[in-house]
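Below you'll find a set of structures to go through.
The same chain A turns up in both complexes below, where it pairs with chain B and then with chain C.
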Partner chain A sequence: MKGILACWSSMMRVKLAEMMAYRSHFILSVLLLIVGDLVVPLVTLLVYRSGASFPGWTLHEALLVQAVFVLAKGIAFPFFFGMVGTTLSQVREGTFDLLLLRPRPVMFMSMLSGFDPDDFGRLVSGSVLFAFAMQGIVIPGGAAWVQFSLLFIASIAILFSMSLFLSGILFRWVGSSRVFDIFDAVSGFGMYPGTIFSKALQNVFTYILPIGLIAFVPASALLGREGWGSLWTLASAAALVLLGIVYWNRMLKNYTSAGG
Partner chain B sequence: MNKQWAIIRAIGFVTYKEWAAFRSHMLASLFVGPVLFLVQVFIWQAMFVGKETINGLTFEHMLTYYGVVTLIHYITFDFADWNLQMLVRSGKFVTFALRPLPHWVFALAQKLGHRTLALGFEVLPVLLLFVLLFQVQLVPVAPGWAVVSILLSFLMSFMINYCVGLTAFWLVRAEGVRRVFLLLKDVSAGVFLPLSFFPEVVQKILFFLPFQFITYLPTRVFIGDYELAGIRLSIAEAVGLQALAVAVTAALMLLMYRAALKRFTGVGV
Partner chain C sequence: MIEVNELSKKYYTFERGHTMREVIKTLVHRPMKEICAVDRISFKIEQGEMVAFLGPNGAGKSTTLKMLTGVLHPTSGEVRSLGLVPWKQRREYVRRIGAVFGQKSQLIWDIPPSDAFYMNKAIYSISDKDYAETLDELVELLQVGDVMRKPTRQLSLGERMKCEFIMAMLHRPELVFLDEPTIGLDMIAKENIRSFIRSMNKRKVTFILTTHDLEDVELLAERVMVINHGQIVVDDSLTGLRNRLGNKKSVRLTTEQPVPDSLPAGLKLLERIGPLEVELEIDTSALALKPFISQFNESYGIIDMAIEALPIEAVMKQLYEKSHTPVHSV
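The block that comes next holds the complex of A and B.
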C-alpha cells in the first residue's frame, strides 16, 4: 500500500511539473473541462426555461442527476480513466512494452501513467453544479447521505469497470479513438432521470449495463426516492469490476508488441 | 486549373485509400450515431408529454433537427485544426512549406477524400438507420438548396477549423485553445440544442457569429424554415447569407495563412 501511494505521489509530482511547463495549456484545459461538463446541464436549463420538463422531475432534481454524473467522472477520470488513452497510444506506438517491464502490476502502471491533473476540473464543475442543484431541493437527512455515499462508491466502481473494458478492447482494436465516442454515446443515457426511458431500457441500464447506477440511482437516493434495497447495486458493481479485471488481463494477452 | 484539379483529386484519392484501411474507425459511427440519437428520442419524448410544440418546434421537427445535425456532422467532419497544429508543433510543416501548393489546398483535398469515404461508411448507413429504424423524416423541403447549404457548411467547417489550426504558428502549444474553441463552436452552431432555445440576447450574438452556418442554418434550410433572433429568412435568403459568410471567412483564412507563413521558421527554411 505504501509503495502504491509512493508511486501515485511521484506520478502526481511529475505530471504537475509537466503541466507547469505549458501553464496556459493547463489552465485552458481545466477551463475547458469545467465548461464542457456544464454543456449538458446548460441544455437542460434552457429546455426547462422554454417551459418543458422531464415529467416528475424539477429542474434542480434533473440537474442533481447530472451533477452526480460529473462528480463521478471528476474522480474516475484523473485517477483511472486515463488508462484508456494510455493504452490507445502506447499499444499503437508499441511503447506499451515499457509498462510490462516495470516492477509493478501492468494494470496499475497503465492507470498510473494515464493520470491526468486536467481532469480535476471536472470535480470543480461537478461541485458547482451539485451545490446549485442542492439549493432547489429539500436537504436530505443523514440516512439519505449514507445511502448516497455508498451508491456513489458503486458509481465510481462502474466507471472503473468501464475503463477496463474500453482499455481492454484496445489491445485488439488497435489505435481506435472511437472508444471515447462509444463511451460518450452509451454514458449519455446515464445523464438523465432514468424514468424517461422505456421500462425495458430501464431494466437494461440497471441489471445488464448498469449506466443508471452512475448517477440516476445515487441521485434518487439523495432525493429519498430509493429504499435501502438499492444497495444491492454495490454487489453488482463489485461483480462488474471483477469481470472487468478478468477481461482486461485476458485482452492483455493479445498484446503482440512490435515484434508480433 | 486542370492541373490544380488533378492534384486535388490525386490527394483526395490517396487520402480515401489511406483511410479505407481504417474502415472500422468510421463504422463505429453506425453504433455511436444511432445511440446518441436514441438518447435524444427519449429526452424529447418525455419533454413533449402534454405539449404540441416547444419553442415553435414539434416533436417530429425536433427529431428531424437532431437527425440532420448528425448527418451534417458526418458530412462536414473535420480535423484540419488538429492536423495543422501537429505539423507545426512537430516541425513536419517544413515539408509543406517547400511544396508548390498551399497547405490549405492540400488539407481541403484531404478532407474531400476523407469525407467521400465517409459517405459510404457513415452517412448513408446512418441515414438508412434513422429512416428505417426511427422513421425520421429526412427528405429536405427544397433538395437543391439543402445540397448547396450543406456544401457551404462543408467549406465553412473546414475554414473555421483551419483558422484554429493556424493559431499554432503563434502559440507554443495550442491544444487547449483548439479544444475550447471547438466546444464553443459546437454550442454556438446548435449541435446540442436548436439556437432558438437560447435567450434573445444570446441569439442576436449567435446570428453574427460564423458558427450557425455550419450546423444550425443548413439544418433549418433542410427543414425548410429559418429563424434566429427574431429574424426570419426565406430559404434562398438564408443560403445567400451563408454564401456571403463563407466568402468572408475564406478571405480571413487566406489573410491568416499568409501571416502565419511569415512567422514560420523551420530547419533549413
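The block that comes next holds the complex of A and C.
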C-alpha cells in the first residue's frame, strides 16, 4: 500500500511538473473543461427559464443530477480515464512495452501513466454546480448524506469499470480513437433525471448500461427520493469493476507490441 | 542465467494489396497470414556475458528479446531467465532486469530526467540511500551532472541516451537488454556509451545487445548470435565468427601501375578506390602474403599498402544472404 501511494505521489508530481512546463496550455485546458462541463447545465437552465421542465423535477434538482455526474467525472477522469488515451497511443506505437517492463501491475502502470491533472477542472465545475443546486433544495439529513456518499463511491467505481472496458478494447481495436465517442454518446443520458425516459430505457440505463447509477441514483438519494434499498448499486458497481478487471486482463493477452 | 529451449512465436497478420479495389475489399474480408517470427530457437547465456543479437530486418531479434523480457508470450517453448519464467513471473523478473531502447524513450519529454529518475525510484521501491548512491555513481560514470536537470527535450541525443542508461540501471539490474543503444549517436557519444557498458559488464552485469552497428559488436560483444528467418544461424564467439572467413584478409594498395580487374587465384577485387588505389581480398590459404607482395611489387610497383582482417560486415553479408541453414558452434 505504501509503495502504491508512493508511486501515485511521484506520478502526480511528475505530471504536474509536465503541466507546469506549459502553463498556459494547462490553464486553458482547465478553463475549457469547466466551460464544456457547464454547457448542459446552462441549457437546462434556459429550458427551465423558458417555462419548460423535466416532469417531477425542479431546476435545482435537475442541476443536482448534472452536478453529481460532473463531480464523479472530476474524480474518475484524472485517475482512471486517462488510461484510455494513453493505451490508445501506446498500443499503436508499441510503447506499451515500457509499462510491461515495470515491476508493478500493468493496469496500475497504465492508470499511472494516464493520470491527467487537467481533468481536475471538472471538480471545480462540479463543485460550483453542486453548490448552486444545493441552494434550491431542502438541506438533506445525515442519513441522506451517508446514502449519497456510498452511492457516489459506486458512481466512481462504475466510471472506473467503463474506463477498463474502453481501454481494454483498444488492445483489439488498435488505434480506434472513437472509443471516446462511444462513451460520450452513451454517458450523455446520465446527465438527466432517469424518470424522464421511458420505463424500458430506464431499465437499460440501470441494468445494462448503468449510466443512470452514476448520477441519477446518488442525486435521488440526496433528495430523499431513494430508500436504503438503492444501496444494491454498490454490489452492482463492485461486480462491474470485477468484470472490468477480468476483461482488461483478458484483452491484454491480445497485445502483440509493434515492430522492433 | 538464461536458458531458452525450442522457443517459437507466431503472429497472425492481415494481408492486403495496394489497389483501390483490394483496399475496399478489406472492409468486408481481410485474408490472414501466419508469420513465424521465431522458430524453435534454443540457447544458453551465462552470467556476465556480453552477447550481440544480429540479423537482418524482420529476422526475429526484437521478438526474441520481447519474449526474454516478458513483454510477449511465446507460442511454444520455454525460457528460464534468472531462475524465472519471464511472462509468468513478470513483476518479480523485471525487478531484476533493465532495458534501453534506442527508439523508445523512457524519459519524459518536457521535464528533466532527474524527475523521471525519481519516479522510477518509487516504481522500483528503491530506498533513499540506495537511490542516492546509485544515482551518484551513474551520474559520475556518465558525466551527466549538469545535464540531468534540463528538460529532456533540450538535451542532445547523446545526453539523452546517457540518461536512458541511468533510468535502466537505477535499480541495479543483473541483466540488461540493449536495443540499438547507439543509434544516431556521434562517435564520441558512442564511445562513452560503450565504455559505460564495458565498465558495468566488468561488474558482472550481463548484457544482451541488438544492433545493426557492427562496430558495437566488434568493440563490445564476446559472443554473437545471428538470427535469420526466425532461426539462429550462427552462435559463436567473435573470433569464431571472423574465422568463418577462413584465411582471408583485406589489402589496400596504392601502386605505380593500375591493377587490372582480372586477378590471379586467391585474389579478389573488392573496390577500386582510385585509378592507382584498390582494395583486394586475399585468401592466404591459396596465395601466401610473401609471394603476393613480391609478385605485385614486381608487376605493379607498390607505393603504399595496408593489410587488415576482413571487416565483420563481410561475414554478416554472407550470413544474411544465405537461406536458413542453422549452424551452431559454441
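Odds and ends about this structure:
Here is the rule we use: the second predicted complex is superposed on the first by the 258 of 260 C-alpha atoms of A that agree within 3 Å, B and C clash if a C-alpha of one lies under 4 Å from a C-alpha of the other, contacts with A are read in each partner's own complex, and residues count from 1 in each chain.
The criterion applied here is as follows: a contact is a pair of C-beta atoms (placed from the backbone, for glycine too) under 8 Å apart; a residue touches a chain by one contact, two chains touch by 3 or more.
Note that the coordinates shown come from a computational prediction; the quantities given were computed from them, not determined experimentally.
When both complexes are overlaid on chain A, the residue A:Val174 reaches neither chain B nor chain C.
Look at A:Ile182: by the touch rule set out above, it reaches chain B but stays clear of chain C. Once the two complexes are overlaid on the shared chain, A:Arg104 sits against chain C while remaining clear of chain B.
In the overlay built on the shared chain, the residue A:Ala6 is in contact with chain C alone; chain B does not reach it.
When the two structures are aligned on the shared chain, A:Tyr22 is found in touch with chain B and with chain C.
Once the two complexes are laid over each other on the shared chain, residue contacts for A:Ser257 go to chain C alone; chain B is not touched.
Put simply, more of the residues of chain A are touched by B, taking chain B and chain C as the two choices. Of the two partner chains placed by the overlay, neither chain B nor chain C lies in contact with A:Val246. Residues 22 of chain A contact both chain B in one complex and chain C in the other.
Interface residues of chain A facing chain C in the complex, by the touch rule stated above, are 3, 6-7, 9-11, 13-14, 17-18, 21-22, 94-95, 97-98, 100-105, 109, 253, 256-257, 259-260.
Residue ranges on chain C touching chain A, taken from their complex, read 11, 61-63, 65-66, 69-73, 90-92, 94-95, 97, 99, 101, 104, 106, 108, 110-111, 115-116, 118-119, 121-125, 151, 179, 210.
The touching residues of chain A, counted against chain B in their complex, run 22, 24-29, 31-32, 35-36, 39-40, 42-43, 46-47, 49-55, 173, 176-178, 181-182, 184-186, 188-189, 192, 196-198, 201. Within the complex formed with chain A, the chain B residues making contact are 22, 24-25, 28-29, 31-32, 35-36, 39, 42-43, 45-49, 51, 54-55, 171-173, 175-177, 179-180, 183, 187, 192-193, 197-199.
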